[in-house]
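Below, chain A partners chain B and then partners chain C, in two separate complexes.
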Partner chain A sequence: MLSPTARPTRRFTGRSNHLARKMAATLAVLSGLSQWTPSVHAQEGVAVKRGGVIRYGHFQEPACLFGGWVQQWYLQRQYSDNLVARSDDGKIAPWLAESWTISDDKKVYTFEIKPNVKFTDGTALDAQAIADNINGWLSNNPDLRNPTAAPYLSDSFELAKAIAPQRLQVTLKVPFEPLLNVFAQSSQGILSPTALKRGLAVNCEKPVGSGPFIVDKWRHGREVTFRRNPDYNSAPAIAKHQGPAYVDGISWKFLPDQTVRYGSLITGETDAIYDIPAVAWKDANSRFAVLRHITGGTPLRLALYAARPPFDDVLVRKAFAYSTDRKAAVDTSFLGSLPFEGNGALSQSSPEYLHELGQAYAYDIRKANQLLDQAGWTERDRNGVRVKNGNSLTVRISYSNAFLKPDGEQALQVIQQQARAAGFDVRLQPTNPADFFAGRNLGPDDYEIVLLYWVAPGAEIFRISWKPDQNGEPNRFNPSRFQDSALWEVIQRAEQDFSSAERKGLYQQAERKIVDEAPVIGFTVLDVTLATSPSLKDVWLDHGSVGEPVFYDAHFDERK
Partner chain B sequence: MSRSVEVTVSRPLGELLEFICYVPFRVAASLATIGFFVLAAIAPKVLQTHDPLAIDLSSSLQSPSIVHWLGTDQLGRDLYSRVLEGAGQSLAIGLGATALSMSVALILGVAAALSGGLLDSILTRIFDVLFAIPTLLLALVFVTVFGPSVLTEVIAVGIGTAPGYARMIRGQMLSIKGTGYVEAAKALGHPFPRIVWRHILPNAMSPLTAMVTIGVGQAIIWASGLAFLGLGVAPPAPEWGALLNAGRNYVIYAWWLEIIPGLAVTIFALSLTIVGGHLQDRLEGKI
Partner chain C sequence: MLILMNGNEAVKRVAHNPLVWFARRILSGVAVVWAAATFAFLIQCLLPGDRAQIIINVRSGNVGPAAPAELAAINAQYGFDQPLVVQYAKYVWRILHGDLGESYQQHRAVAGIIAEQIGPTIVLAIAALLMAWAIAILTTLLIAGRDNIWSKLLSGAQIFLATVPPYWLATILLVIFAVNLRIFPVVGESSPMGLVLPTLALALELSGFFGQVVLNEFTRVLEQPFVTSARARGMSDFGVRLHHVLRHAALPGITLSGWALGKLLSGAILIEVVFARQGLGGVLVAATSSRDVPIVSGAVLISAGLFVLVSVIVDLAYRILDPRMKLT
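Up next is the complex of A and B:
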């Protein structure tokens, strides 16, 4: 999202005017960015204790220390820097880019890169290094291609090049307003081009960035250890301080069992843990500092396979939604700790979220039965399951605990029972994470519903979810297989519209259409929760991005 | 005038009564436990107090009470009824897996013992290799490849435990093959298949009766382990391992969800082990 002050108000055609315009725009951006001077740290003036290692208990262990899964972003946030940051209120803030301008046609972005920054392997972090990263993200080189940036930018991106040692130019084929939002996500952290030449396998184990921490060692199945980058000088404007991190390092432990993870915080074996169990939510709030961020992008939702029966019929999709009291299922299963989300299109923390869609398809079994009758599913077998042309109304739900917390499986069992009353035979297909990522139970004939999410700051996620198949190449991020050219047209118009109000209006138009067609049904919000011990201060979640835990500003209090 | 009535008890019934009269208390208690779970497996509705799958969101996480003897789970389902419902699947997996492993073991063990030579060496090496792989690991691989279900659990545990039985059968067969009565039968000119059928097999199998009984309990534990790891039957089936898996998230706040299914597995497996041990002692003439 562009800072409002950066938007040129006139269109200049002459060369001199062009230069003048660029200078004016740059000055405007710089003046606007004065708000981003490092904020005074709450502890400044008081001696902040340095040293100590944060013992952090995390849930899931990815296969690589960077990549497209949000669990990888959390790690990458610790050791790499981004071109820009995004603040809590959605404004784009400087990070490696101290300032930037956007051309009148919205196709050329010119970034002024912070000087004297180095990667932790000694490579200079200049405009060329960033250009190499960005071009690699959009290339077909599997060692460099970025699974998050590529689906966002592959249609619009043309080239990134260094036009001066500290000046980067990114050229687009067509305007794409969410470009800076995409650059602000941790998966787009800039990595050392020297290190990237070692190949993906080596980089997965020990990636090299310019961030506040350096990946020291990854003991698979146990932990990743980070040590402080003593020369760190490139913190984002949204950080609470500048310079090296306060702590000596992080011991990022993988504790997949939630009882063990929470227990480790109670017994003092960890200083902070991720994902507070629902059953311990109240206890955690009374004993520890609790941080929560509801991620933007999509909520955790049920994607209904709309390309074949039974869910190729919108009436059946809506009937399934009405037949399940998802709010009660979520409220009970998560013991009130996690809000229900009825808007399947967009998460409630996205700026374009429509609150009136938050309770869409509230439980109404009578309506569900009416819709199914209307759709021709009028007969029932002896078990009460509806039948049409000899086919049972069987619905297989594929899910994995990579995406679903343990309590979520309980909620699915509630849905299973409730939908039965309307005549759905719901079968649950739990799949372990390794199999799930390998595509088990995700083939075109393997499921009728799959439970998934995709995090992003806002509605730019629509491009990922709803881009129609191109030249016979299926959009693998669209598990509902719902394809609507009118919807795609609206999404594209929104992406190219630099007027905040109009863009928001277009995205909301798309949002209504998605909810109305019901290829996805809301389930829960996707949240990031952290509990920290009282002795650990100033840990924060990156609300502007997708809630990555940030330990850069953290420090232990004097008593420890 | 009184008339004395002589009651004649048939010999097998008499032996049974004698067995019951002299059975130790621990064995009697174990038999009663096994009987209870077998009844629960065959006719669960007779013993259940609630529908084991019925969700009642208003009764979530209730501790044991008069209404819900063993408490309720997060979705308000009656845990006592779910444990009984799970007995069917757990027992089916235990019996099925043991039957499968015994069948495989019998074929391979007998073939190795009777053939001797190269085939014996090859089969023995295969047993050794399979024996070196932990049962749970072998079962894990199998379930991962073929997907979780009751059938794959039966096959996974059955194949995982078969090498141990095969080795045991081979050893039994070899020891009996060299006994005097087998040599005598050979000297009398009995054909070898008849010797195997009449003399070797029955004597080799007797000690295995006890092992099978113990093996059923062991198989239930393996299957529960798989389900605990999320590789068992799909929800909402209340297989004991799956109940343990679901309960572990609440172990601090709702102990009954973890303790009760754990006790069911332990008590049932222990009962089978006690009865198996008693049988073994009797067959070996120790009691």
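Up next is the complex of A and C:
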């Protein structure tokens, strides 16, 4: 439900410690760790050129250098460290925590924190500092609350505390297996508690972490400059080297216009750029190194309001899906730069993704008509729109360019025309971002369909999308308003299952149910793309997270 | 009756006193700024949507209603839970103390944010004003009163430039002169070379307006007797145009410059976004789309103040330059 051209994200994935369930999970985890212990040295024996400043052309400028928006994660990834990291294949790796154990009842996590790590303001990065961060994320203090961590953990989290200077204990009320995935996301980077006391005004401007780069200066409207942290000693096990970064710094420029952004790379004014424009996709692949990460979590999907007519009837939801050739609409509008995704529940880069669901509800107008007849929408008015009990089959689609690229609007117009053939009267409700965030066209009676997404590593996103309303508190992240206690039961069982195969099976069971009930219909994938000049080497996207660009291992070759 | 007449006379005299005139201008200026401030306050209260809700959603990138506890914390932080009258009084009180409030999203003082960004915007606007004048004068000198293919082409070009959207022009200039020909940098930042294309994109449109206005006046003046007499003295055609005609023809254009500065400031906002230049543009666009009202209302207030200032200066300048103008 979140993010727009780039908004929040979350993730999670099945990871595993295959351990006999009864055994102390502790052992399991520890054994899993051994593979990470020798820190990987990418260029062992090869001298890597040091120095130089990476000029990076980014897209959007956030209002604060950390927070819940994925644009903020990208920045935070450069200057802060996380408790743990997550590798490309979804395994959890040491970072600030060198090792950890999980109690038999899966409710107590004990982390051994790497010694001798300091924040760049000199504050010691110990167990207490991390506990302060975590407790702040789950508090209601607007200065400390973490809008990414809170929706995942608020039901399960109890307390974080330092039980020794380098030993952190996190206690949960109920087991929650994706906990470490949540800790591995960049928005959960650990910040200096001393610095946090300065208040948001200062912290947004000059946050203090322990990462490979230090925020030097933010020239608003232009760039954030980072300089190398010369004392960096806390790289994650998934990095390609240890110790300080190779380059002297990063000039992180904000270039919102795609012509300027891509043009700057062509003319050599930048060394890397974010979000390659669709029209330049082919050109970029022939000239530059191109990195791409398809984000996990939900795809960009159509959420159908399932709490009132007409979409309270599953037959009508399915009929709408069959009546629209969404693949053709997406292919013709995005010119192949953004692939179609038919699985509305989960994005294809999520470990639990089921490929057979990627083609769900392929265009079939006959089936659509049959289902509508079966649902009682048998009459048509003189415009060909179906009518039942005097009500027209009207479908209002709310969307905002905060969550949809301009080409997507064209795809919606195609869908509008296609659905007409089956008797749907589709009306588009474009909404400007400010009004959208204010709730315009999003009230309970304002839409039948809304376009939203939420990036995450994988199926842990189900908790956020499909948690039913509880204790009078509606789940604000469920725009379908689809409530299914059986589905929620399966999701919770998955979250509490520490066997990776079983958990994956449970999540896939939930995934099938979601696609089958069709409260959401797939539309497109979402991706992160980066083009880098040939002289800049070893930039990588954090595939274990949500594709944040990582400049820690990057270096220039001899030509530069 | 006598007293009354004397009174009227006194009133007239007082009204013509430069100090009184100046004081009146200042007072009316303050009234304009106050009205702008009140307008900005009302707008933020009357716009649909709960303010706390928007702040939370924009910060987290979510949509949908936030939990009551979260809303309460934000309402308390910004005083949204107080009666509107109290909020308004506090708002005006803060403005009187030079405090424009704190940005909801950047968490910094609005005055500081605007102060930091307004410099490059003013530089761009003034550079564009000068360039627009240079282009308009040059083309006018060349084409006024002539009836050939070049004058028709240039005049047509002026009309085209006056009507074309500057952001479109900006992109075209960028692709040709920066990306393809590489004469100017794509990411100009604050270098003088980087100022050229944004200035041109902004100035071309205005030069079209100026050109058309000056051209009409220029053509009229060309037919005046003193022009004929200057020619009779043996002055070259270009010399006559430059030394005699232009001075007269430029007057309406100067009047237009006050309006133009306002237009340039607003135009600069779009151009800055296209060229990724530092300035009020990027900040205002972001603040508008995230409804960061303190920044937007701060900018409204500062612009109102600027306009008041410019119009006072223009009026003063008229009085000094043209004694026929009475202070009214």
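One rule holds in what follows: the second predicted complex is superposed on the first by the 508 of 560 C-alpha atoms of A that agree within 3 Å, B and C clash if a C-alpha of one lies under 4 Å from a C-alpha of the other, contacts with A are read in each partner's own complex, and residues count from 1 in each chain.
Criterion: a residue touches a chain if its C-beta (ideal position, glycine included) is under 8 Å from a C-beta of that chain, and two chains touch if they have at least 3 such contacts.
Everything numeric here is computed off the predicted structure, so don't read it as measured data.
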Which holds for A:P474: it touches chain B only (first), chain C only (second), both, or neither? second
Would you sort A:A280 into first (chain B), second (chain C), both or neither based on which partner it touches? first
For A:D435, select first, second, both or neither according to whether it touches chain B, chain C, the two together, or no partner. both
According to the stated criteria, A:S499 is in contact with first (chain B), second (chain C), both, or neither; which is it? neither
For A:T259, is the partner it touches chain B (first), chain C (second), both, or none of the two (neither)? both
With the two complexes superposed on chain A, say which partner A:L412 touches: chain B (first), chain C (second), both, or neither. first
So, A:T332: does it touch chain B (first), chain C (second), both, or neither? first
Check whether A:T394 is in contact with chain B, with chain C, with both or with neither, and answer first, second, both or neither. neither
Take the contacts of chain A with chain B and those with chain C, and give the residues found in both. 257, 259, 263, 432, 435, 440
Of all residues in chain A, those that touch chain C in their complex: 1-4, 7-8, 57, 61, 63-64, 67-70, 140-142, 145, 147-148, 199-201, 204-205, 219-222, 253-257, 259-260, 263-264, 266-267, 269-270, 402, 432-440, 442, 452, 473-474, 476-477, 479
If you look only at chain B, which of its residues touch chain A in the complex? 53-55, 57, 60, 74-75, 144, 147-148, 230-231, 234-236, 246, 248-254
Would you mind writing out the residues of chain A in touch with chain B in their complex? 257-259, 263, 277, 279-280, 328, 332-333, 335, 401, 406-407, 409-410, 412-414, 416-417, 427-430, 432, 435, 440
Sites on chain C touched by chain A in the complex: 47-50, 53-54, 56-67, 69-70, 73-74, 77, 102-103, 105-109, 113, 116-117, 171, 174-175, 178-179, 182, 185-187, 189, 272-279, 281-283, 286, 288-292
